[in-house]
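The next block holds one structure in the form of C-alpha cells; read it before the comments.
Each chain gets a letter, A, B, C and D, in the order it is written, and its residues are counted from 1.
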Amino acid sequence: MLKVAVLGASGYTGGELLRLLGLHPKVKLVAATSEQSAGESVDTAFPNLTGRLSLTLEPLNLDRLIDRADLFFLALPHTTAMPVASRLIAKKKRVIDLSADFRLKDPKTYKTWYKTPHLDTALLSRACYGLPELHRREIQSARLVANPGCYPTGALLGLLPLFAKSRVDHDSIIIDAKSGVSGAGRSPAQATHFPEANEAVSAYNIGRHRHLPEIEQELSGLAGKKISVTFSPHLVPVNRGILSTVYVRPKKPIETAEAVELFQDYYKEEPFVHVLPPGEFPNTRNVQGSNDCHIGLVADRHGDRKAATLVIVTAIDNLVKGAAGQAIQNMNLMMGYDESLGLTAPGLFP
Amino acid sequence: MLKVAVLGASGYTGGELLRLLGLHPKVKLVAATSEQSAGESVDTAFPNLTGRLSLTLEPLNLDRLIDRADLFFLALPHTTAMPVASRLIAKKKRVIDLSADFRLKDPKTYKTWYKTPHLDTALLSRACYGLPELHRREIQSARLVANPGCYPTGALLGLLPLFAKSRVDHDSIIIDAKSGVSGAGRSPAQATHFPEANEAVSAYNIGRHRHLPEIEQELSGLAGKKISVTFSPHLVPVNRGILSTVYVRPKKPIETAEAVELFQDYYKEEPFVHVLPPGEFPNTRNVQGSNDCHIGLVADRHGDRKAATLVIVTAIDNLVKGAAGQAIQNMNLMMGYDESLGLTAPGLFP
Amino acid sequence: MLKVAVLGASGYTGGELLRLLGLHPKVKLVAATSEQSAGESVDTAFPNLTGRLSLTLEPLNLDRLIDRADLFFLALPHTTAMPVASRLIAKKKRVIDLSADFRLKDPKTYKTWYKTPHLDTALLSRACYGLPELHRREIQSARLVANPGCYPTGALLGLLPLFAKSRVDHDSIIIDAKSGVSGAGRSPAQATHFPEANEAVSAYNIGRHRHLPEIEQELSGLAGKKISVTFSPHLVPVNRGILSTVYVRPKKPIETAEAVELFQDYYKEEPFVHVLPPGEFPNTRNVQGSNDCHIGLVADRHGDRKAATLVIVTAIDNLVKGAAGQAIQNMNLMMGYDESLGLTAPGLFP
Amino acid sequence: MLKVAVLGASGYTGGELLRLLGLHPKVKLVAATSEQSAGESVDTAFPNLTGRLSLTLEPLNLDRLIDRADLFFLALPHTTAMPVASRLIAKKKRVIDLSADFRLKDPKTYKTWYKTPHLDTALLSRACYGLPELHRREIQSARLVANPGCYPTGALLGLLPLFAKSRVDHDSIIIDAKSGVSGAGRSPAQATHFPEANEAVSAYNIGRHRHLPEIEQELSGLAGKKISVTFSPHLVPVNRGILSTVYVRPKKPIETAEAVELFQDYYKEEPFVHVLPPGEFPNTRNVQGSNDCHIGLVADRHGDRKAATLVIVTAIDNLVKGAAGQAIQNMNLMMGYDESLGLTAPGLFP
C-alpha cells in the first residue's frame, strides 16, 4: 500500500481527494492537514465522510509529516505550496501539487499572474504539467507533477486533437467556459453567497483569469509558437461542472463527421475521455462526481461563409477531472498502477 | 383605456403578459384565451395572480373576441398565429405577435425553418420587426408588430452599436448564449424535467436554432449584405434570464474604454438599455422580472495578437425584454404612450 | 407625497424596501443609509435598481437626516435600532422598525433572547406589533410599529382564525417552517455559501430560534394565557419564501371543509391573505415578490384516531409579507392610505 | 460472482441500481430491461455510465431472462411487479422488489391504496419488509424482499429506537418530510417541470400519500396495536434527499442527551445509521449518493410545558438508502455477504 498524505485538506479539492482516495485499492491515507481545522475529525469538515473515514486533521508540520508518507498531495493556497514542495522533493518524496505554483514554466509569467516571484525555479524546471492526455510519458517518470487548473483541463481537452493535426487557425481560438460555484473555493464571499449566486448567470475576468496563461502555455508548446486565446469564464448556479464551448476556425474546411472521427481517433485509448457521436452535446450533469470528460463537436457551416466555425464542447467535473481525480490519475501514472485505478465509479445521475 | 386581449395565455409568455398588463395604467385587459384551460380562472393557470386579476380563460373564438378589444397580443404557437393575425388586421385591429410567424421577412426562410409555407405573405411584408432600439419609428406606425425572439433580442442589443458604426469584421461574429429554462416553454419534457435540468449545463442546437435566421436577418439589414453568425444556445439551471456573450473582431483596434463609450453613446436615450462601466459585467439576476438589458464590454488585447477580440455581454429576462415586456414596449410605441409606461418596476433582487 | 427614509438600506430587507417604495404612488424616498456602502449609488448595492432609482447611500447621521423625512423605516441590525427609534419618536417622527428591537413586549424576554438589556422600555410599551391582520386598529394610530419577523408572520397567519374561535388545544402546536436562504441575511457565511446551501435541506435552531418568543407572545395574547409552541426552522435552497406547516389538535373534531370555511370567513376582508379551496396547498413560488399569503388546510382524520390533526400550510415571501411589504402595509395603515397601495403588483411566476 | 438482473431499469431507481451494482465486487450484472428504451445502450438512458457499463437494454421477456440470473431487482411500476415476482419465485429465484407490491401485508390495505386487488396473496404473506435495521434476520432468509419506500425509510429510522423502548405516546406522531424531486420519478410532469419546481417549496398529499400505510404498518407491528400518524410530504428543489422531521410526545420527560444516547445505543452496530451529537442536525447534502442515514435529535422543553416535544430529524438519499442502496444492502443480507459490501463509497460533497 502506498502511503499518502493530503496537505491542505479542508477545501473542496482537499475533501474530494479524501473521498476519492478512500476508493483507491492501493492507497493508505496516513495524514491530512488543515490549519484552520487542526484537531478536528475529517468528518466535521466533510460530513459526507461520517463513518467512512476516521482521521484527525493536523497542522502542517513537515518535520512530523515527512517520514510518514511516500507521496504528498498539496491542496494548499497558491504561493504557499512552493516551499513545501521543495522540501518534500529534497527528501525524495513524490509530490502532486494542485496549486498553481508549478504550472507555469516561465517564472516571469508566474510572477506576472501571481504577484510574487517563484521561490524555486530549479524545481520548477523539473515539474511536469500533469495533463495525462498530453504529457503521459513525462508524468510516469516525474517526481513533481503540477496538476492542471480546472478551466485549462476542460479547454485543452477540446483542442489537443486539432493541434496535434495542425488543423486550427491559431489566431482564432475562443473559449467560453461555464463553471459551477465550487470552482470559486470554499471561502464564503458576496458573489458566492447563495441568494446572489443562485438564479444568476454572469461573466467575470474575461481576458484576465489566472488560468489563461496555463492554457496558452500548453497550446504554445504544441504549436511551437506563441499562441494567444480569448478566454471568458462564467459562473453558473450548479455545484460542480465546467462546460467549455470552444470556437476555432479550421485551416481548411471540415465537416462534423470528420471532426468527430478525428477526436474519436485521437482519444480512442484514453480511459476518461469520451467523444460523443455527431449531433450530441455533453452535459455537466453526466460527469458529476466522475473523472470523465465528455466531448461533442459540430462544424457550423450554415449560410454562405467561406469557412466553418468548428465548435467543440467539453464537460468535466471541476473537482474531479479538473482537480482531485486528475491528481489521482497522475498518481497512478507515477506509481505504475493502472491509470484508472480507483477512478471508475460512475458519476451521480441525476 | 385601451382594450386589449391576450390570445394563448396559458404559457409563460402569456402569463407574463397578464402580470405586466396589470401594472399598465392605460390598459384594460378584456379577454385571455387558452384552449387547454378554457373555463378556468386565470389564477388557476397562474397562481401568482390570485386575488390580483379576475378573469376567466376562454376558448379562442375570434367571432366572439374581435369586437371586444382594440389591440391583441398573440402568444400562440408558431404557425397558428398567422391566420389569426390576418383576420384581426383585416378588421383594423392592432396586433403584436409574440410567435415567430411574422419575424422572418423572406417566406422561403420561414418555410425552411418552420417547415410550413407562410399563409399571408402580403401581410408578412407589412409586419414590423419589433425591436424598438432598431425599428422604433416603424413600430410607431405599424399595425402588426412581430415581437422578436428572446435570443435575438439579447444578441442584437450587443451588436447594434458596432454595426451602426461599421466597426465589425462581419465574418467574425460568435454568439454564445445561456438561457434559463423558462425559455423552453411550459410543456413538460425530459430535458426540462427538474432532476435533469437542475445541476446541469449543456449546449444544444448549435448552428441550427430557429432564432438564428432572425439574428442574421436583422444584422444583414444593418450591414446591407448577407451576414452569417455562429450561434450557440446553452441551457442553464435558472428560471429566467439570457446571458449572451458575443465575440467580434473589430475592423480596427479598439480599447475597452472606447467601446464602452461607443455603446453608452448609442444607447443614451434608451429607457431600458444600461451600459455598465469598464470592468463590470452584467448578471441575469439583476434583470429578472424587469424589461432592462444590461451590457458590459471588454476589448481583450492581451498577448501578442494583432487584433483584439471585443467581447460584449448582455443580460435580459427572456420573458420580459425577451418577450412580454418588449411586447408592451411595442404597444406603448404603437399607441403613442410613453415608451416605458407600465414597465418601470424594478426586477427582484435576490 | 410622504417623505420617507430607509435607515440600513444595504441588506436584503433594505433593498426590498427600496424596490417596493418605488412602486408606491404617495411616497417620496428622500434618503437611504448604509455604513459599509456610504457614498455609493444604490444601484451598486442593488443592481436591479439600475436606471430605476437614483440615490446615493449615506452614513447614518441622524442630525442630518431627521428633518428630511416624516417616516423612517429602520432596517438596522438588532440592538442598534433602539436608540435611533428613541430619537426619531422624540422628534415626532413615525417609525417602522424592521429589527426585533420593539417586538417583544417584556424587556426580560428581550434580554433573554438578544443578550442585551432593552434601552427604552417606556417606548417599548408604546410600540405596536405590526401584524395588520391582528392589530390593524392599533397600527392605525401608532407612532412606532415593530414589524414582525418573517417566521412569526407565516406562523401566526396560520393560527389566528383558530385562536379567534378557540378551536385549538393550546398545548399541541407544532410549527415546521421551511425558509429560503435570503432569510439568513446578506452577509456571506459557510452555511449559506452557494455550494453548501445548494442541493441541501436542513433543520437548525429547533426550539431556540429568536422568532419563537414572538410567536408565543402573540398567541399568548390571543389566548389570554401563556402559550408554548414547538418551532422548527429549516433552510431550503430557494432565494425567497417561507412555507410554514402548522400542526394543531382541535378541541373538538373538525372536517377540512369546515376548517377552510372558518379561515375564509376570518380572512374575507383581508387584501393579502388568500385561503385556498379544500385539497389545494400553497407553494412559495406563487407568492415570490408579492405581499400575499396563501393558506391551505386539511383535517387529517384517516385511521382510528380519536381526534384529527389539523394541518395548516401558509406561504409567504419572507422579504415581502415577511418584511418590507408588510412594513409598507403598516405605513399605509399609519398614514390612512388604502392598505394595499403600492403593493398590488403580482409576484413573478415562474 | 452472483448473477443479477435489473427489471425496469430506465427510471431513476433503476439507474441508481446500475450505478451501485457496478461498484459491488461480488456481482455480475447480466441483464437490464426497459420497455421504452429496449435496444438502446444503458448509457443512452444514463449518460453518467458512458464508458463505465456496456449493456443493452432489452424488453422484459421472462422466458429469455429467467435462467440468466439468480437474483432479480424489480424496479417496475406498482401493480406490474406482482406477476413477475410470482414467476421468479416459482423458479426459485431471489427477488428484491422496489415497487410497493409486496410492502403492505394486508391485501385489503393494498387494494385501498393501489386501487387493484393483490394478485398473489400467498406470496405476499411470505415477503419480507426490507428495512434491515428492523427485519435483518428475516431478510437473511427471505426469497422475496419488499424494499421499503423512501419516505417510510426516513421516517421509521427516526422512530425505531423510541418504539423499541416504548418511550412514545402513540397518538402523538407527526412526520413532516421534505423530499427532493427525483422522488417523483423520471416521467416529466407539470409540477416537476424545472421552472415550476425550481424556487418552489410546497406540501402535497397530506394525510393521503401511499407511503403512509407502510409507515403505520411497521409502527403498528412494533407497538402491537394499530398506530396512526400524521404524515405531510413536501417537495423541495433538490435532486436527491429526504429530510424527515419527526415530532413525538414522550411518555415521560426526556432530555436531549438521553435521547441521543438512546439512539446511539440502538444504532451502534448499524453500518449506515449515524446519530449526531446533541446540538447537531443532519443535512441531506451530506448523504447524497451514499447509503447513509444521519440522525439528529432535540428534546424541546422550553417554556412551561408539562411534556417536551421530542424532535428527531433524519436525512437520507431517497435513491440510495431510500431505494437502490437499501436494495443492495438487502441483497448482501440475503446472500450472506458483508452487509456494507459495495456500499461504502462516500457521498458527494458539495
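The criterion applied here is as follows: contacts are C-beta pairs under 8 Å (C-beta built on N, C-alpha and C of every residue); 3 or more make two chains touch, one makes a residue touch a chain.
What you see is a predicted model; the values in this text were computed from it and never measured.
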Labels of chains that are neighbours to chain A and to chain D: B, C
Shared chain contacts [chain A and chain B, defined touch]: C, D
Centroid spacing, where centroids are CA-atom means, of chain C and chain D in whole angstrom: 38
Distance from chain D to chain B - Cα centre to Cα centre, in angstrom: 46
Residues within chain A bordering two or more other chains: 12, 180, 182, 195, 198-199, 237-240, 283, 285, 288, 350
Of chain D, residues touching chain A in the complex: 12, 15, 19, 22-23, 46-53, 182, 199, 239-240, 271-272, 274, 283, 285-290, 292, 294, 344-350
In the complex, chain A residues that touch chain C: 12, 180-182, 186-190, 192-195, 197-199, 237-239
Sites on chain A touched by chain B in the complex: 171, 174, 176, 178, 180, 195-196, 198-204, 206-208, 212, 216, 226, 228, 230, 232, 234, 236-241, 243, 245, 247, 281-285, 288, 296, 298, 300-306, 309, 311, 313, 315, 350
